[in-house]
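Take a look at the structures below.
In the two complexes that follow, chain A is the common piece, with chain B as its partner first and chain C second.
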Partner chain A sequence: MSDTILRRVRPEQFRELILVVVTLGLLAFFATQIPGYFDPRSVNRLTVGLAIPLVVAVGQVLVVLTRNIDLSVSSIVGMVAYVVGTLLTRSEALSAPLAVLLSILLGAALGAVNGLIVAYGRVPAVIATLGTLALYRVVLVEFSGARTVTTADLPDWLNDVPSATLLAVGGYDLRLVVGVALLTVILGQFALRSLPFGRRLYAIGSNPAAARTAGLPVERDVFTAFALSGALSGLAGFLFLVRFGNITVTAAQGLELQVVAAVVVGGVNIFGGSGSMIGALMGVLLIEILQQSLLRWAGISEFARDAILGLLILLAVTADAVILGRLREAWVRVRRRDQERAQAATAGVGGATHGA
Partner chain B sequence: MKRRRFIAGAMCAGLLAANVGAGVLAQEATPAASGAAVEATTGQDVKMMLLPKFLGILPFDQANQGAQEAAAELGNPTAFDFVGPTAENSVAGQIEFMTNAPTAGYDVVMLSNNSGDQIVPSAVGAQEAGTKVVTWDSPIPNGEGESVFVAQVDFTETGKVMADMALSILGEDGGQFAILSASPDAANQNAWIAAMEDALEDPAYANLELLETVYGDDQSEKSYEQAQALISKHPDMELIMAPTSVGIVSAAQALQAEGLCDEIKVSGLGVPAEMLEYTQNGCAPEFALWSFVDLGYLTYYVSYMLATGDLQGVEGETFMAGRLGEYTITQDPTRPDVEALRVLMGPFTVYNIDNVEEAAG
Partner chain C sequence: MGRELWRRLRSWEGLLAILLLVVLAFNVTRVPNFLTVTNQINLFQLGIEKAIVVLVMAFVIISGEIDLSVASMMGLSAAVVAALFELGVPVPLAILVALGVGAGFGLINGFFVARVGLSSLAVTLAGYVGFRGLARLLVQDRSVGGFPAWFTDLGQRGLIGPVTLSILLFAILAVVAAVALHASGFGRLAYEVGNSAPAARFSGVPVARVKIAIFTLSGLVSALAGVLMAARLGAVRASTAEGFELDIITVVLLGGVSIFGGVGTMLGVLLSTYLVLNLRNGLVIAGVTGNTQTGIIGLLLILSVLAPNLWERGRAGLRRRRPEPSLRAPPVAPAGSMPSRAATE
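The block that comes next holds the complex of A and B.
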């Protein structure tokens, strides 16, 4: 690794580059294995599949940055999809914007409960959200009375949303749902880079005690992060409803693990304080490509798939840690050498002056 | 059918009389031996648990309704408990309910088994502690720990019904199809798929080519993605056969979303109310099911009568199950290698554009 590059770029920025390379490598590999891998239909399936985990991941990044975790997201997605779906089947009057707004508000309310318990109740986030993960699901099971929301009962406009397209080039579509998901990523990245709230999340995650001593509103910010994660999960719940149409009480079960995995693979430090929305986007993309491609890969058995997925995630994270560790060492070495040289130069100049 | 049932009953009663020690069961065995069906003694206090694979889908709720109806008829003063795990925790959750059933004082557990043979130790434990285990919908594959299995339909027949629907949809020329099942542990789905594979051996179905079986774990989104993957993997596939109410709607939804209903059809086992739209728009021209309400009703009768001692749970006993009429306990011919008893409900209803709307209600 050339020293000049190390002088200009921080190691963390390599991480995104590595992810891009790994993702491109995977795409190239699967393209040789799966016929018609890049045909428009397959690519559209992949991009549409990204939308839901991506929106949830944006919320998850906010929470993980503060050295917390939100495991209840899948139950929030399921609850919102089911409740809003049920309301839509019962009332013709509920318009599209109102339904979206309702989804976000319901999600935010459920997220706020998490925020209260974690930020003000001082319960560790893993425990608190594991609890609400189960709790929200059980409430849903009770509420549902075992009925399924079916597409036939939903208003027609809802069934048209998944195929609504913003932009189409040669059969490759940018679907509305994907556009919405990308917009949340952009807004999220903007908030993290440019808003005081976003900067404070990094400070809180890096060192909560120091952040508190420095007078940052730690409790309020952690609470807000959870509420936002809930709101985004609520939005994802609406996307879930429009995509799958048939909603049972098990909707979105297991999504929390996929999202946490994606966020970690995307380089968001699980101990808080570092990471970006772009990284999370790359993580979601990588995991979604893996998942969907393994499903489509005829050479692989049903049972080996989960094992391969787990192995690849482990590999990605380990490789990332090892390479990044080396880079960081090299980066520190170069910096130190530069500093020493600078000091020596200053000392040399000083000595010469003294001698004269 | 009735006639054969009676003859089998009489023969088995003979065997029973020979096997059973004098006196012990004499009183109960008498009605069976004389050919008359046992009537339930109403008003007995029996604590019962209805344990589906998991909570939250329509078929199991319908079974619950049927069981409620039977409970009211039989005048059991203790209301039964309709409990179950969540879908992703189905296997471990069921085992936990089963393990704790005797301690909680249940006289009988009505189980739709989703745990394969893994449930055996806890079911045997329950039996030893005096709790009967009646399976319905999905049996314990090796029959251990199971008092009797209330089968919705003959599992061999399920295979044939699915093969027939495939043939009717694909036509005489046949074509390629794939199976989208529930979870790999589900005893009923596995038995039906095996029965269908057997049925396909028949030259009549020679043109049907089964590509592969995939699993959607009875989760909408997973089944949806599996259906999409099948479409990508097999460009010449013309049919997805889903013997699960969750899988069949998810597959139909995936095809509809991509506008592929003209090229690829969906069939299998589904609930009419959930399938109405897809049958009307041609995505799923034909599918089948039995009444889950009746299944819950019959299961409650069998379980209640076993717990009260009206039935002993031996081969050849004939009994009356309220509005459904007369049934006989027989060896389970679909599990020939193990000792297992069965009560067969039936029949299948095949739904298509002509009758789906009425059934959907």
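The block that comes next holds the complex of A and C.
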């Protein structure tokens, strides 16, 4: 029975399944603990909270697949939210599409700087983006003079965006911001599965040297991955502005580790070469559920939230590695046995003809 | 002699020494009495806990791993001391418990990295979140102070003349770390593991044990730094030492330790520690705020790797544009170019 399954499904595909089961288990558990857990209001709050980390995570997956990492994302989100927010308070002429475009372009430019340093400057991504994480934040602090963007100064249309709803079923809303985030996941997954660029990211992350020998444009693709991660962080910056309205110079600080944690929990290999957008989506969902539910769970002190979250990240990563390791062994065993059987069969046929 | 000096200066440590001299020169000209003992002690005191953790982080990174949980561990150990003190436990015992907690969690980090085979980035990310969470659970949103006078004196006053306990410990640990890294079997094992864990395993190196030992030490030393910080500040919050991991890792990488493991020297790490201390001091003198200092150090971090890479590239590009040297007379170093390593050895 299990052999038949193993012949059909690759171990990596179990990964998403495991995450779905764990997430459902958590939801069921918290539903028994927190009254009104599935109320439309709390569900809406949960889904809206997903939007920002999700968009950033999509970009992070592109980068991590190539065996790199982008730690500067939170500074990009903060900078874009602040700069675009400031521009919107100063000029009435800036329309909605233009503001979104500007956010994405500004983010892409900052991401391109990362890409240049990593891909063409040959600086390890951890060093480069650790540096720009500090640098972008400082540029923001210096040029803003530590002033704050406030909701009251922002145009009215912007303040209406968070409650804009695409679809509503019995009080459960699919908000516009969540729709945008899901769209980036779908587009990202399509790019990874079906576009040559996406396939090349896997090849580069699996073995950069081999990818280069095979003639893949490694530098260009890594650069593009960083630029896209920046662009998506820019979009997330706009969503941040929309959601919070009041933007200080410390906006989005710490988001980078939440996103990296989500991507790792979602089964994207930190050494590159394997992972999917669906996994990242599940990772973001899992961490967001934990964060929001632990806050509301009366059974536990609010101060325990981070302690439990740390433990769960460790458990998720361990379970993933151990279970996946076992599955992969079993998968290889079944394959090998099938191969041997096939060989034995052909050898048997060959022997018979020889004998005749 | 002259060539030998050139070669030395071209090394990473040489570059750091030159940078250090420039920063020192700036500080000395701008501040009277900069090089007095008192002022140097003050300079070290301000970042002494980070400097102590830097020593052990060098081992972690040379062995090819990373420990993001050090700053959270510093906070946790300070919180353990504070919470036990509040319960009436004698401070020396509380310190011992805190050190035990540090070593224990370091061991757990090492176990998950070396035995379970998870990436240290993921494991210590969990520690980064989790240890800070435990600290928050222990001291919540309070600020715990009122420690006995001997404890805070130990953190703030000179032990031998003006030299504080923290600085003394740093000096001892720096010597121990240098000897352990460069003149002991353990140091060789750390380099081998960092260069190539599979190759080390095939040559009979107990890779897992080396890594577990290094992570345990990392936890223990971070806990020690946390206790020292509690003594120096005289008050403990859940956010004690928050964000220190970036500074600590930056100093190690700036010291010439490769993020991919297997490369780096204690001399470079110590030079970079002193350089960053002086740089921050110089920036304060120049009226630059703390946040901007971090940004400048971030820029320095990028440039420290980018500049040599671009330099090499530029040279390679020039070489490519010239006719193939092998087709002509034997290669002669162009006038003014620096001798290669092979030429001087």
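To be clear about the criterion, the second predicted complex is superposed on the first by the 355 of 356 C-alpha atoms of A that agree within 3 Å, B and C clash if a C-alpha of one lies under 4 Å from a C-alpha of the other, contacts with A are read in each partner's own complex, and residues count from 1 in each chain.
Operating definition for what follows: a residue touches a chain if its C-beta (ideal position, glycine included) is under 8 Å from a C-beta of that chain, and two chains touch if they have at least 3 such contacts.
Given the structure is predicted, the values throughout are model-derived calculations rather than measurements.
Of the two partner chains placed around the shared chain by superposition, chain B is the only one that A:Ser42 touches, whereas chain C remains out of contact. When the two complexes are overlaid on their common chain A, residue A:Ile34 makes contact with chain B while staying clear of chain C.
When the shared chain is aligned, chain C comes close enough to touch A:Leu135, but chain B does not.
In the superposition on chain A, A:Ile313 makes contact with chain C only, not with chain B. Overlap of the chain B and chain C contact sets on chain A: residues 137-138, 141, 303.
Interface residues of chain B facing chain A in the complex, by the touch rule stated above, are 54-58, 60-61, 64, 86-88, 184, 213-215, 218-221, 224-226, 228-229, 232-233, 235, 246, 249-250, 253, 256-258, 273-274, 276-277.
Residues 69, 117, 121-124, 126-128, 130-135, 137-139, 141-142, 257, 260-261, 264, 270-271, 301, 303-311, 313-314, 317-318, 321-322, 325 of chain A touch chain C in their complex. On the side of chain C, the complex with chain A involves touching residues 66, 112, 116-119, 121-123, 125-134, 136-137, 140-141, 238, 246, 249-250, 253, 259-260, 291-292, 294-299, 301-302, 305-306, 309-310. If you check the complex, the residues on chain A that touch chain B are 34, 36, 41-42, 45, 49, 137-138, 141, 144-148, 150-152, 162-163, 240, 243-254, 291-292, 295-296, 298, 302-303.
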